[in-house]
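My structure is below; once you've seen it, I'll send some questions.
First chain written, first letter: the chains are A, B, C and D, and each begins at residue 1.
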Amino acid sequence: MNFEIAKEPINIQAVIDKVVQRNAGAITTFIGTVRELTKGKKTLYLIYEAYESMAVKKLEQIGDEIKERWPGAEVAITHRVGRLDITDVAVVIAVSTPHRADAYEANRHAIERIKEIVPIWKKEHWEDGEEWIGDQLEKVAYPTGKPEEKDLYE
Amino acid sequence: MNFEIAKEPINIQAVIDKVVQRNAGAITTFIGTVRELTKGKKTLYLIYEAYESMAVKKLEQIGDEIKERWPGAEVAITHRVGRLDITDVAVVIAVSTPHRADAYEANRHAIERIKEIVPIWKKEHWEDGEEWIGDQLEKVAYPTGKPEEKDLYE
Amino acid sequence: MNKILFFAHLKDEVGEENIRIDVAGRTVAEVKELLAAEYNLQKLDSAMTAINEEFASNENVIEAGDEVAFIPPVSGG
Amino acid sequence: MNKILFFAHLKDEVGEENIRIDVAGRTVAEVKELLAAEYNLQKLDSAMTAINEEFASNENVIEAGDEVAFIPPVSGG
């Protein structure tokens, strides 16, 4: 169960423990937290929603991509859904590799891919309203109705 | 106490907690673990030793460098000393920043600088012997007796 | 019969998490057109589509029993 | 009087973590030469030097009371 959607607060150490291996010299984690200010606007809280079964599959796909590109890597990702307050942890990505450069690069790959292909959405709640946030990577709408092959399957 | 030399196992969550901030959207950690195989040779355990008072100062310097180069960053680093077995955690670096690219880059800066300027050494113990490991970055000896200015002060 | 899933702003606009209709034999593009008209959805064009939890293109033909999900630009992480 | 600190392989070779000698007025280079001869240290040249916990160069002159540390290539992390 290295790839999970969680309804409760994420235990960071438990995610890290999944990637510990005798031949890893490096473990990197990315912890996405809820930031109060975005472009000067004050967020009160967020709601995350997922297409859960597909999201788990896509997280697994990201894990497979990493293990293929960075041999010896182990990967675990947990993304939370539901209501999150400021500083709450939305996602934890842990990657272990024999050498440290790979651990940073592979981890970075994971968060970028999450923002491309994993069906999870956030609704921001401000003092004066709320909105589903999309298109974080500032890409144009997909003209063919889906991401390009290279985006989806790298 | 964001910069510490520890004689006991490092509590990763406690290091992360030091960099949580309301305007961070990203926290990265680097966790250095003891790897069993290096160039085909099997490590049994390591001993880490530090010039402790100076090591803490140099970790603080690395924190200052990061806060200057990546505004809004918070940094915490704990390095362990003493005997460590395979998979034990030698160092934890936590960096929080408003945006994720900075959190990866600043964290990477920290580990590279630790390997340049922080007076900590490891002695590897194998089945057939032991040795103090130096010069991990494969630099030549410092001809002036110290790292170049740019290495030390960036 | 097909199950159609809506997420994020699409779910709010449709007012349902999912609906059941028979769209077997139609392409994704045709189903998008049909639903956009039915529910007055402005941004369905910018949504991706998944058939049985795999991304599909506008040309894909839906079969009986397929689960079809419309996936607005994602914002996890 | 000065306190001289040795670490890693230098500590093993010297057989002491630190010694007390008076090297005030001498340069780092002179002290290295003196100690290399005294303790038969092969690799002191490749060590960095810290005076009072700050890196110093071979030309730095040591003052009375300074703590001098020889720092072999580091391997933390």
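By definition in this document, contacts are C-beta pairs under 8 Å (C-beta built on N, C-alpha and C of every residue); 3 or more make two chains touch, one makes a residue touch a chain.
These figures come from a predicted structure and were not determined experimentally.
Considering the contact criterion stated above, no chain is in touch with chain B and with chain D alike. Chain centre most remote from that of chain A: D (centre = mean of CA atoms). Separating the CA-averaged centres of chain A and chain D is a span of 49 Å.
Note on chain placement: the centre of chain A and the centre of chain C lie 24 Å apart, centres being C-alpha means.
Taking each chain's centre as the mean of its C-alpha atoms, chain C lies 72 Å from chain D. The set of chain B residues that touch two or more partner chains comprises 32, 100, 111.
For chain C, the set of residues touching two or more other chains reads 77.
All chain pairs that count as touching, in label order, are A-B, A-C, B-D. Interface of chain A with chain C (complex): residues 32, 48-51, 53-55, 57, 79, 90-91, 111, 114-123, 132-136, 139, 141-142, 144-147, 152. Within the complex formed with chain A, the chain C residues making contact are 5, 7-9, 12, 28-29, 32, 45-50, 53, 55-58, 69, 71-77. Residues 12-13, 16, 20-37, 86-87, 96, 98, 100, 103-104, 107-108, 111 of chain A touch chain B in their complex.
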